[in-house]
Structure formats: C-alpha cells, structure tokens
Amino acid sequence: MAHPAHYREAHPMVFVLTHWINLIAMVSLAFSGFYIHYPFFAGFMGVARGMHFFFMFVLIINLTFRIIAAFFVKSAVSLGSREVDTDIKNWLPQKANRHQFLAWIKYYLFMKKDHPLGAKYGVLQKIAYIATVPLTFVMAYTGFSIWGPTMDWSFFSAGAGWVGGYMYMRVIHYFLMWVFIVFTAIHAYLANVEGFAPSGLIFAWKESEGLHFDKEGNPAGGKAH
Amino acid sequence: MARVVVDPLTRIEGHLRVEVEIGADSKVSDAWVSGTLYRGMETVLKGRRPQDAFYVSQRICGVCPISHGHASTMSAEDTYDLTIPNGARLVRNIIECAQYLHSHVLWFYTLAALDYVDPLKALSADIAATYDLALAVAGKYAPAGFDVRVTDFGAVQKRVGEFINAGLNNNRLSIFTNGWLGHPAYPSEMPAELHLIAVAHYLEALQVQAEASQIIGIMGGKFPHFMTSVNGGTTFVPTEEKLDDVLYRLMKVVDFVNNVMIPDTLAIAPYYAKDYPNEGIVSSAAYGAGCKNYLAWGVFNDPSFELTKRYLPGGVIKGLDLAAGVIPGLEDPDPSKVMEYVSRSWYDSADGLNPSDGETSAKYVDYDVNGKYSWGKAVRYDDLPMEVGPLSRMLVAYLRDTEMQWPDGVRTPKQLIDLTLGALGSELGLTGPVPLAALQSLLGRVAARNLETAFVADLSVASVLELVGYVKEGDVKWFEPHSVSDGKGVGMWEAPRGSVAHWMTVEGGKLSNYQVVAPTTWDIAPRDKEGADAVRGPIEESLIGAPVMDPERPMEVVRIVRSFDP
Amino acid sequence: MAHGNHDALYSQLAARGVTRRDFLKFCGSIATLMGLAETAIPQIAAAVEAAALTPRAPALWINGGACTGCTESMAQGMTPDVATVVLDLLSLNYFETVMMAQGGPEMIPGYQEGVVEAKPELTAEGAIKTMLEEGGYILIFEGTVMTGFGGNALRIAGKSQTEELPEICKNAAAIVAVGSCAVDGGWVAARPNPAEGKGIQQFCKDEGIATPVINLPTCPVNPEWVVAMVIDVLLLGQLESGAILDKLDDFGRPSLIFGQTIHDNCPRRGHFENGEFVYEFGSAEEAKGYCLYAVGCKGPQTFTNCPIVRWNDGASWCVESGAPCIGCGNANPLSPGGNWVDVGAPFLNRMPDLPIAGTTFQPSTIGAAVGAVAAGALLVHGIGMKVAGRMDGGAPYEDVRAHDRKKGGGK
C-alpha cells in the first residue's frame, strides 16, 4: 500500500542522536520521577534523585542544542524526498500544512478514507512536536520550583506562590509527566502503526523505499533523484 | 431585679457569654450561657478521609486536643472493628495522663486561682510568717518524707510589688489590667501569707504545667496538638532513652501535685467553706450544684477496653442529691441515648437527633435569650442535661469503688475524697468529716478536679511502670495494620474538662458524616426547647441561687462558670 | 551600657532564680532563632537589658476563631517562660485566656431599665478601649478572622468581632499573626470554609489597613518564634527602621525561621537518601527511625525550622516521635484556599486530594486514569486501523489536498 520512502535526509545523523538522548532521558526521568513520587521499593532514593537531576540537565541541554541545530542543519523538506532545506523551516508549519487540520482529524477518526497529503509532518504531528518544546521548559520550571537548591530563588518561588504553594507545584509537575507519557505513547503509536519504517530511520538511520514526494509534499512518483 | 452580663468570660478556652438575672434577694434567679463562636469543624471534615479526622478534629480545642484526638481514633477503630495493641493502649494512656496533669495544674493556678487569691494582698505578707505557714501546711498535707519546697517568697513578693508599682499609673499592668483586685469576695480572714504562697505557686505552676506537656512532646511529638495516636495504635516507639525522659519529668510533676497543689487546696479551701455574714460572704459549699445529673464515658483503658472498667470508669447518675440522701442507681453509659436540640441555638437542623445521624446546619438570628442565643447545641442524655467533668468522674468512680480493679499503687478516688473531707472537717473544727454532700457545690467541683489530679498522678506513674514491664517482656506491638472499611462508629472518652465523643460515618472510604459532642457542649448547653418548661443547661442551672455581692463585679458567677473549666 | 545597670538587671534576675549564665543562654537561643551569629549575643543581651529596665511594651493578644492552642503553646515556652513575657517583656493588657479582668460594659436591648452596666475600668473590654486610645501597641492575633454570618460566627461583648477589629488593627504598630489560623484561616478556612474564615493579613487588606503583618504559621505557633519576633520588634528597634519587614518572605514570614524546609534539616534525611523508608507504622523500619516520606511526610515542602528549634522546650518534635509532618506550617496568607489542611490532606498520602465534581481524587488516580484512557483509545484505534487495513502503510494518499480540491485549485 501507500507508504512514503524514508531517506536519511529526513533525519540527519545529529537528530538521530538527539532523538536517542531524548528517549533515554525521558524514560529515565519518568522512572526516577515515579520513584521519587513514591519509593515503591527500598534503597534507591539517592540514585533516583541523582538520575532525575542528571537527566533533567541532559534533556534541557539536548533540547537547547536541538533547537539551535535546527537553524544550521538541513533536513528533508518532505517525506519521501531527498531535497533539503534548513531544518527549522520543516519543523515549523509549512505552506502545505495549511487548512489541513480537519482533514487529519477526520482521517484518524476513520471519517476520511484516503491519507491526507502532509508537508514534512501532518498538522497534528507538527502541533505536538512544537508544543513539546515549551512543555519541556515548563516541566523544567516546575521541577526547579520544587528542587531544594533552587526553590527559594524568587524566579521559581514566585511561580510556586502563584499556583498556591509548593504542594500544588508538585502536583502540576506530576500531571505534566503524565502529559509527556501520553504524548510519547501517541507519538510512538502513530509513528509505527502504519509500518516500522519511521522507527528504522530515526533509531537505526536505516533507509526504506516507498512513494516519492516533491518539495510541496505532492506525490512525485518514480524514484527520487 | 437586675441583669448582669459577663461577656467575654475570660480565663477559659474559647469565648463565652453569661447573662444572669439577679433577684431582690441578691441571688441569681435566672441565667443564660451563650457559646459565641462557630467554626464548623464537622462540615470541614465531611468528604475527607477517616485518617485525617484525628489530625483535624483535635484542633477543636487547644487545651484538650489529646482527648479529642483519642476520641476520633477510637471512632475510626470502632468503625473498622479494630482493637489496638496493648502497647498502644499504654502509650495513649500515658499521653492522656500527662494532659490531665498539665490541664488541671494550669486550670487551678493559671485560670482559676485569681478568683480565690488576690495578688494585691500578697504584697502585705510577712516573709518570715509565710515560711512558717508554708512549713505548717506542708507538715500537715505533704506526704511524709517530703520537706517544704524551696521557694523564695521574698523574691516573688518583690517581683510582684515592682511589677504593680511600675505598671499601676501608666496602663502597664499587663494581664492584671482592670482585674478585680481587692474584691470583697476574698475573705479577709484568709491571711496575706497564704495569698503570697499561692501567688508564688501560680508562677511555679507555669513551669510545672510545661513539664507535664513536655511528656506529651516526647510521646506525641508536640503539645498542643499531637501527632502519634493515629488510627490503629501509635507511631511512637518507646525506647529506654525516651522512657527515662518521660519518667524524669513525670516525677517532678507528681511531686508538685502531691506536695504543692493538694496542700494548697486544703489550705485555701477552709476559707471558702465558711460563711462570713459580716462580709456578706456565703460558703462556696452552699451553692453551685447545678442539674445534679452526672455523665462520664470513662477514660484510661484497662486491657478489656470496656467503658465501665476504665481506670476512671464510665457511668450515668440521674438526680443525685446527697444532701437529701437520694443516691440513684448507677447506669452504664449508652451513646445512643445522646440527643441534640437546637430550637434555642443558631442552627436550623432537625431537633432531637442522635449524633450518629446528626446534622450541622448553622443559621444565625439576633441574640435573644427568649429565642435563640447560643452557637452551642443543647445536648441531652435521656432528655436530661448532664454535668460532665472531674466531679462526674469522681462521683462515678466513688460509686463503683468496690467493683473496680485498681492498678497497683494508686490511691483510689474514694480514698482521696474521704481523706480530704476528713481533713477539711478538722480544719473547720467539725467533729467528723465534712459530709459527702459538700461535693455537690462550687467548692466540691473545684476540689474534685484537684483530687482527680492526685489520682491521675498516681495512675501515670503506674502506667509508665506497666509500659516498662511491657517493653521488658520483649514481644511489643504498637500498631495494628488495617484497611479502611465503611460503616459507623463512635469513640467515647474523657477530656480533663469532661466527656467527649466523636461519631463518624464512612462511605466509600470517606467521611459522609462527622459529629463531635465536646465536654463544653454538655456543660454550656442552652435551653432545649422554647417556652416556660424549657430545661436549662448544666452551667445555667448551677448559677441559680448563687449569691452576688457586687453586681458590677459578679465574682460568684464567674467562679461557678469557671469551675466547669468550660 | 553603664555597669550599674548591669548590676541592677542581674540582681533582678537573681531574684527570679535566673543566673547570668541562664540569661546568656537565653540570648544565645534568641540569636539562633534569628539566624544571627554568636557574636551578636552581646548585642542581644544589651537590648534585653535595656528592655528589662524600661517599662513593658504595650500589647494586646486578641483571639479570633481560635482553639486557644497558640495561647497554650505560648505557655509551653521556657526560655523565657510565659511569666517573663507577660510580666517583664510585654504589658499584655488584653489576653483573654489568662487575664484577670473579664466582661464588657454593654446595654441589652429591651432590658435597659434594670441593667447593671459595669464600669469600663472594671472590664476586659475597657482594657482594649484604653489601649486603642493610646495606640502604638503590638497586636498579637490568634485564631481565624470569622466573617461568616455577618461576622456573628464570633461574637464578643455583645457584638461581632469584626465590628471592632479594624480599629484594633489600625491603631497597632505591628500585627503578629500567631498560628496558621491567624495567618491564612488554618483548618477553619478549609473547604468548604463554613464560617468564612480568613487570615488577619487578608482581613487588613480587605479593610484597607496598612499596619505591617508578621506571619508565624504552624498549628499551634511555636513559642520560641513569638519571642524571637517580640525581641526583633521591640528590642532591636527593627520595626521603626523597617528592617524587620525586609526580612519577611513572599508569605510575610520571617525568612530566618521559615526559609528552609523541614526536609533540609531533618535528622532522618540520611535515611531518605539511602532509600530507607517507613511503609507502615509500628514496623521494624519505624523502630529504626527510618524516613517517613512514604507515609506522607510533608517535610519536603514545609518551610519551618522545627527540626532545629523543636517543640515543648526542645523535648522533641513530630518526626522524632515517629509521626510524619502534616505540613501545618504551610502558609498562604492571601489565599485562604491554600490553608495547610486543604494542601496537606490526606496527611498520610504523598499528595493532596483534589476536589472534582463534588468529590475528591488523588493526583495519582487522575494521572493513571488519563494514562489508561489514552492507552485504551490507542488500542481501540489500533483495532480500527487493523480493520480498515491501514496497518501496512496506511490508506492510499489523496491525489489532491482536500482543501485545494474544494477551492477548485491544486494540481
């Protein structure tokens, strides 16, 4: 069936690495976070807290690097295409994303039979990938607000006061983790439900053949050049 | 006919208003007592977890939080059908004992003493004579083997004198500002030296009550408001080091109770047990009896956990009139006989509900002694107002004396009462002891509290020794693991000031109803219905017939109200 | 300070059985409380000496909707004891629970004829009136400000307390709010706040009163903190200079007392880091004094120095007695919904119950439910994808974008 080709230009090596780092950091943060929330077995708190702080910094630095790199590294403008442009242009909404929001929702709800033509990503995907950035920084902010060494910095304590105290900041931090968990689940599901080619590319930098698309994200047929 | 209002009535826990009508014979002919604060504890607890009730409900009262906390955990344990381990029983008993010692010492010296002792008179005491008197009192009433305590009466007199001189003319009399210093109700026959001794002990008692609460601090985390008696047992694990800290402080407090507080009581009481017609003073043993119905749920569990076998046992006495020789049978207490009436209180819930199905629906209307006039509900037992507190407990214990299994080494309430009545009889120059009927009066209520202190002092030492024995045996247990289950429960207990019970209903793991009947609720109860046949509450009733020497400073009225430690 | 004054003070102290050593120990404990170095002890000693030889500072201790626990707690202080506070440091002309005077002059509607109206100088209320005229006193406020039922949730001297309270606050030099009830309403203001309680700072704000408020939360207040503040305000002259207000944090608390968490200073912190926890009361872990985090200890987000100052003259404190902190020092003076009960309950759980649709839920229940719904939705969707035959590469692509087709454009 219809399946776009996955070329290395879509995810240059540096982004494969940042993706790996994100994955490891997030899983470690979620696990250690759950443990800190409630130590469900004995003897691990010091390690869990160490993990949590270490991977928190890893995640933030990695994300910051990823954002900066987006302005310098070129990546494919569309799936199934080897044509490249500055990555940030492909990350932010592209021309071809316009007016497609409903089409994507209809497609996912089985109300539309054929697959919408996206740009590099579909509309919902773009929203999710863009939202992850501020969400990660908010997550970090809530974390710093309840972390001993920084909680009394006025930049952070002001936020705690605003949400009704450190306890509620803790609750918000906890809920945000669930937001990340749900995001990750949906992301992993949607990326792989129509085949494992995307995973092959992002994790193992493995190319796979399929449909070709032009710069605008329209089917180009034949082999790409 | 005259109306006199005391609002706020100070030196009590909380806020209270008393309004009395004084007849042509200068005696109180009618009285209204109004609780003037509503906070809504029961409403706050609704929807929360049963585990939280222990922490929150004890904060009804900062003077008796231990007893409220214990009543709350017992209501949860009753709901779950749970029996706490013996170790937890002992720890809770000791914490409760410490609160009794703290509370009664604080009440007698800090709250009540100024009604009977005039600091102004202490200034004219002769120091040498004060030592003579102190030695004489100790010689008569302090247990053998104890010498008089070293108190620098001269320094106390100097301190108080300097304090009054420095504050008199520039509005700096601190807590003595506008006090009824020099009131004619202090009998002139009571020597200045005795006033000075009492003032010195007023200051010393501040240290002693704090020592007593340090015991709670050690075993309960802090006082007021303690942390350890959670549903299912206690979080406190006694170690040798902690038990030693407890016992050290306890011995100091027990020493004070036996060698200072009881002798003081016996030294001061004779002056208030006499009429002084020339001064217009009537004996405090002649009025203030009240409703003559007495209720005690019982306190300090023995290993059986039965209400009637508690070391201060539960019981109900209806219509006791010792002067007339009427001694009705003792009934076992039954929580289902408790009813609350609200037609004279600022609530619009249904009348006559048992607290297990109780409602708290506040609705304020203007204060009107002929209508609604109190935030307190009129709580009744078998439709009768009940006096609660040390007098009730001591009377019940007195009547149960022979059926009780008293712990080793304690003087029983009956022994203590009989001894005291005998001593008082000889002080007053009677041929025999003062009759037991004297207990049913203002003076009797004060004496009962102080004698109970002596009993609890003995019991607390016995309990610590029992705990030491339990720890020695080695097979210790402090907490019974349990899960929350739905149902209804009631926890009945005694605060120093009287009977306390908490009722809870648990549905879906949360409190769907919570009701508290605090000691003060019983005693400050207003009338229970509208119209002429409405029955007065216990304090209201105890005021009837009380003499009032000076309507501008109704000393007898405030003494009676304060004797309930409301 | 002149040598003669030293002698005068020490002879006064000696008359009270206080040695010079005791006195310096007291000054040392004040220094610790105020976060000052030991080198500040002579300065404090001088200030205390000066105060002891000058007339007592005027003060009123007013109880709102209180359980009297903070008064009780004040009586548990031993350095100095309460007698020293009420006889030497302060002239507490109104202090309902311990004062000698009582009552207030008042007229009773309908009984004017035979009513005995007590002279103001013979009543407790009269003591307030005199002090109001004098002004410049320290107001120590205990308990919740009760605004429910038009203020009649608390009536004193025949009227609602809120009737007279604004004037009492206005004429004060400073207000010290003792205990969580006075700070933010405490448990009285907990959901559903049936008597409409609030803290004194909120009350002053609502009434447009500018008197500075120093908040001392915890339930009850720790007497050592009250004494420290009184010394701060009175003796070091920090009220006039405004220095004391600079030392308050965002919640109006002296940051030297409330600047660190219980967790920071907890003797059981080592067990926390080791992952050694009490999971059940009365367990072997409990006997070993392990960390109480897993049974809901609120130490990590409660800012008080309880582990250092401790309670009841240093006899012990909550955690040492095996009980998890319930966070009674939590303070939200300008947001009564942030009282320690609503924030901390259920106390034996890590997180508060959140009120939703008339009942309450634990955050972990909500989180797990959201996670389960997401997982379920994905599963159902996956089945749909399978049924729709989209598992292998998805549906065929549209040839023209739907929007472009509608516009009649596209390729």
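Here the chain labels run A, B and C in written order, and each chain numbers its own residues starting at 1.
What we mean here is this: a contact is a pair of C-beta atoms (placed from the backbone, for glycine too) under 8 Å apart; a residue touches a chain by one contact, two chains touch by 3 or more.
Predicted model only: the values in this text are computed from it and were never measured.
Sorting all chain pairs by how many C-beta pairs they have in contact places B-C at the top. Of all chains shown, C has the CA centroid lying nearest to the centroid of every protein CA atom. The chain with its CA mean position farthest from that of chain C is A. The distance from the centre of chain B to the centre of chain C, with each centre set as the mean of the Cα atoms, comes to 29 Å. Distance between chain A and chain C, defined via averaged C-alpha coordinates, is recorded as 43 Å. Averaging Cα coordinates per chain places chain A and chain B 67 Å apart. Residue positions of chain C in touch with at least two other chains are not found. Chain C meets chain B in the complex at residues 15-17, 55-56, 58, 63, 65-73, 75-78, 81-83, 86-87, 90-104, 106, 108, 111, 114-116, 118-119, 121-127, 130-131, 134, 144, 146, 148-150, 152-158, 186-188, 190-195, 197, 219-220, 280-283, 286-287, 311-313, 315-323, 326, 328, 341, 345-348, 353, 359-360. Listed in rising order, the residues of chain C touching chain A in the complex are 249-251, 259, 261, 263-264, 272-277, 293-294, 298, 300-301, 327, 330, 332, 335, 337-338, 343-344, 350-352, 354, 363-364, 366-367, 370-371, 374-375, 378, 381-382, 384-385, 388-403, 411. Contact residues of chain B toward chain C in the complex are 1-15, 17, 19, 22, 34, 36-41, 43-44, 47-49, 51-52, 55-56, 59-63, 65, 85, 106, 110-111, 114, 152, 155, 158-159, 163, 166-167, 170-181, 203, 206-207, 209-210, 213-214, 216-225, 227-228, 230, 232-237, 245, 346, 362, 364, 367, 375, 477-481, 510, 551-553, 558. Touching chain C in their complex are the following residues of chain A: 1-3, 37-39, 42-49, 96, 98-100, 103, 107-108, 110, 112-117, 146, 148, 152, 154, 157-158, 161, 164-168, 170-171, 174-175, 177-178, 181-182, 185-186, 189, 193-195, 210-211, 218-219.
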